[in-house]
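Below are two complexes that have subunit A in common, paired first with subunit B and then with subunit C.
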Partner chain A sequence: MKKRNLYFILFFVAAMVPFVSHAQKFATKTGDIKFEASVPSFEEVAAENKNVSAILNANNGELAALALMNGFRFKVALMEEHFNESYAETAKYPKAVFKGKLEGFSLKALSEKPKQFTLTGELTLHGKTKKINDVAMVSVKGNTITIIGNFMVKPADFDIDVPKVVSKKIADEVQVAYTFLLEE
Partner chain B sequence: MKNFLGLLFCLTVVFSVSAQDDLLAEIDSVSTQDYDTPAFKGLQIVTLQSTKIPAAKEFYFVVSHRFGSVKGGISEFFGMDMATTKIGGAYGINEWLSVSASRHTLLKVYETAVKYRLANQATGAPVTVIGYNTIDINTFLEKEDYPKIEFGDRLTYISQLLVSRKISDRLSLEMVPMYIHKNLYNPHVENDDQFSLGAGGRLKLTKRLSLNMEYVYNFDKPDFYQNPLSVGLDLETGGHIFQLLFTNSQAMTEGGYVTTAAGDWGKGDFFFGFNLYRVF
Partner chain C sequence: MKNRKILIISGVILLVLAAAYYFYFGFLYKEARDITAEAPAYTLTAPDIVEEYQTNAATADSMYLNKTIVVIGNVNDNDSISVSLEPGVYCSFDVPAKNIISGKNIKVKGRCIGFDELFGEVKLDQCTINQ
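Then we have the complex of A and B:
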């Protein structure tokens, strides 16, 4: 009986493997994330990361993205240094990770015209995780799926403290915009 | 059979979970090059140059003050009555080369300098090595007082090698061997060529505050001068860096700082000052 069970399990595992690996995946290593924390009439506080990795499972709409914190480029090098050293603490927390899902995603439903999907998931950075619930625009052209969207986060949600002397110059809510061109 | 169903259920859960993690694992192979914060926050430790140089196309506006000796007490408002100023700028030509120029109230000196990186700890070298060469032009010497003076007589050359190592996230240390040549000097009291060795460091107290110290031993020091010993605090406030300091050498050019330290810590004879950087 025990041996039979083992066979069953082996058979089951063998059956699962092609099923799991058969998932149709679209990915990029050059996704783009911009964030903007400027306050009007003060110096621009904004950065862009053009080397974001992202992957979409087209079978179920699962989406994962990963950005290295030291990949964010600011206009002023010193600001970038401050960002890495005192705000994001990049040496301690090198990555920002998103794990989520495009609700009701179906590859067949896509066209060149962007279609709206609800994106839910969890964003982890600076050692803290926060739920994200927003809208993403998804379109397909040839072999490329494009996902565009933006959401707001608060530095305080991720335990990133903004000292009083600069609190007027950094927005309470940071706008994050992303563009992923995913290829199969 | 119940056991088997249970196992099946567990396996399904494990699989669906691992499938989701796999998605992230597939892109998580990017090598995370550890981010390395620079050894020093300011361009200077206190008065000596640090191994930090401006980034490419980055402009630093620099204003520094050294007040008079605190020994004067309340009648001179602890030195505030006699401020000397350095005003200037530094510009990064590329990632490893920068130029700077400044004007000093003390002896009406114009200072020009190049600073260039020879080795970088952030890219794998055991230490960061920076070359720093300065020419000081003393415009205080009047033609009326020195009728035979030529332009060359006003010049002082300083060559330094700045060698730093970031020991930990909080502690950075630096050694500075240097050579100073004065075209105009008084042979009765000093040498025209002076060799000295400086040492300094920075200890981060909090994310935005650090304690800095430096000391220079001058091998050719005349008896009546001291070796400079300075202590300061780095305060980072967004686009500014503010360094508050106490020193026994009032001059801000390396030539003056190292060879003519007139204050004496032991006698309560030292100077308050600050360096302020604004980055554009």
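Then we have the complex of A and C:
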């Protein structure tokens, strides 16, 4: 009798496993990242990448994002060339990767009204890794989770040298803004 | 004598203007690349490029990154801004493409921007359908 009970419990636990370990994932391949390093009264230094991939694990708030560096588009062709060849060296370092977590994330806590979450994690690009800490606004509508936020980085943090000749025209701090519309 | 001087001076001015023009429009504000008009550096099938990226991403990058390529493959997913080719080539359009039929074998021309490990896909941007 005891053994039968044990089997029953085992069966029950085994039957539950797929439900417990099933990670609810939300993903996008068309996330948007803009960065701007403009200096007032000089030409705009800005780029946008509309093909950023991101995956959110809705069970624990883990967020992974990957931006292919060549996907950053500038208005001025020469600027894009300099970004690829001299600054970000995109042939050598083709991607930027973020791995982090939305602290205290819970799918149930979301609504159509954006809610603040602290996003912490590590950003790796140009062969260097830096800790990122910012506040993200997260909302949900139907099957889509929207994550919006921005943070500041310094080119120097990623060993990106800006030559003296142009350093006046490029801000020391680069403003990065991201928008992810993730679908289940 | 005077005529010659005027000729030389105007010649020099013209040269300087031409150089300035070239510097401004040919260098500082040169036209962005037009991927649609560029001849492809490589033409290959979707399974081939995916395999090359999965075998050695660095080698594949050195060949294809930032180059205009033509990829041939079967459509397995598409919307107005992108098309996916089996087994994993993601092509995004600047101008929405029409008449893409799932399962159909198509040729896509675009710029290779690298390999996306999150989805295991090669990504192309500024794509157009090449019939």
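Here is the rule we go by: the second predicted complex is superposed on the first by the 163 of 184 C-alpha atoms of A that agree within 3 Å, B and C clash if a C-alpha of one lies under 4 Å from a C-alpha of the other, contacts with A are read in each partner's own complex, and residues count from 1 in each chain.
In this section, a residue touches a chain if its C-beta (ideal position, glycine included) is under 8 Å from a C-beta of that chain, and two chains touch if they have at least 3 such contacts.
Small disclaimer: the values here were computed from a predicted structure and weren't measured.
Undergrad: For the overlay on subunit A, clash or fit between subunit B and subunit C?
TA: Verdict on subunit A: clash between subunit B and subunit C.
Undergrad: In this superposed model, does subunit C or subunit B come into contact with more residues of subunit A?
TA: B
Undergrad: With the two structures laid over each other on chain A, which partner does A:Asp134 touch: subunit B (first), subunit C (second), both, or neither?
TA: After superposition on chain A, A:Asp134 lies in contact with neither partner.
Undergrad: State whether A:Lys169 touches subunit B only (first), subunit C only (second), both chains, or neither.
TA: The first partner, subunit B, only.
Undergrad: Examine A:Leu66 and indicate which partner it touches, taking first as subunit B and second as subunit C; both and neither are also allowed.
TA: After superposing on A, A:Leu66 lies in contact with both subunit B and subunit C.
Undergrad: Touching A:Lys50, do we find subunit B (first), subunit C (second), both, or neither?
TA: Touch partner of A:Lys50: subunit C, not subunit B.
Undergrad: Which partner does A:Asp157 reach: the first (subunit B), the second (subunit C), both, or neither?
TA: neither
Undergrad: One more residue to check, A:Thr30. First (subunit B), second (subunit C), both or neither?
TA: Touch partner of A:Thr30: subunit C, not subunit B.
Undergrad: In the superposed model, only one of 9-17, 27-35, 153-161 or 171-179 in subunit B has C-alpha atoms clashing with subunit C. Which one?
TA: With the two structures superposed, the offending stretch of subunit B is 27-35.
Undergrad: Would you please give the residues of subunit A that touch subunit B in one complex and also touch subunit C in the other complex?
TA: 27, 29, 53-55, 64-66, 68-70, 76-78, 84, 90-91, 94-95
Undergrad: Under the definition above, what is the set of subunit A residues touching subunit B in their complex?
TA: 5, 8-9, 12-13, 16, 20, 23, 25, 27, 29, 43, 53-55, 57, 62-66, 68-70, 76-79, 81-82, 84-86, 90-91, 94-95, 97, 99, 163, 165-166, 169
Undergrad: Within their complex, state which residues of subunit B touch subunit A.
TA: Contact set of subunit B toward subunit A: 3-4, 7-8, 11, 15, 19-20, 22-24, 26-28, 30, 32-38, 54-56, 58, 169, 207-208, 236-239, 241, 279-280.
Undergrad: What does subunit A use to touch subunit C in their complex?
TA: 27, 29-30, 50-51, 53-55, 64-66, 68-71, 76-78, 80, 84, 90-91, 94-95
Undergrad: Hey, which residues of subunit C end up touching subunit A in the complex?
TA: 27-33, 61-62, 65-66, 81-82, 90, 92, 111-119, 121, 123, 125
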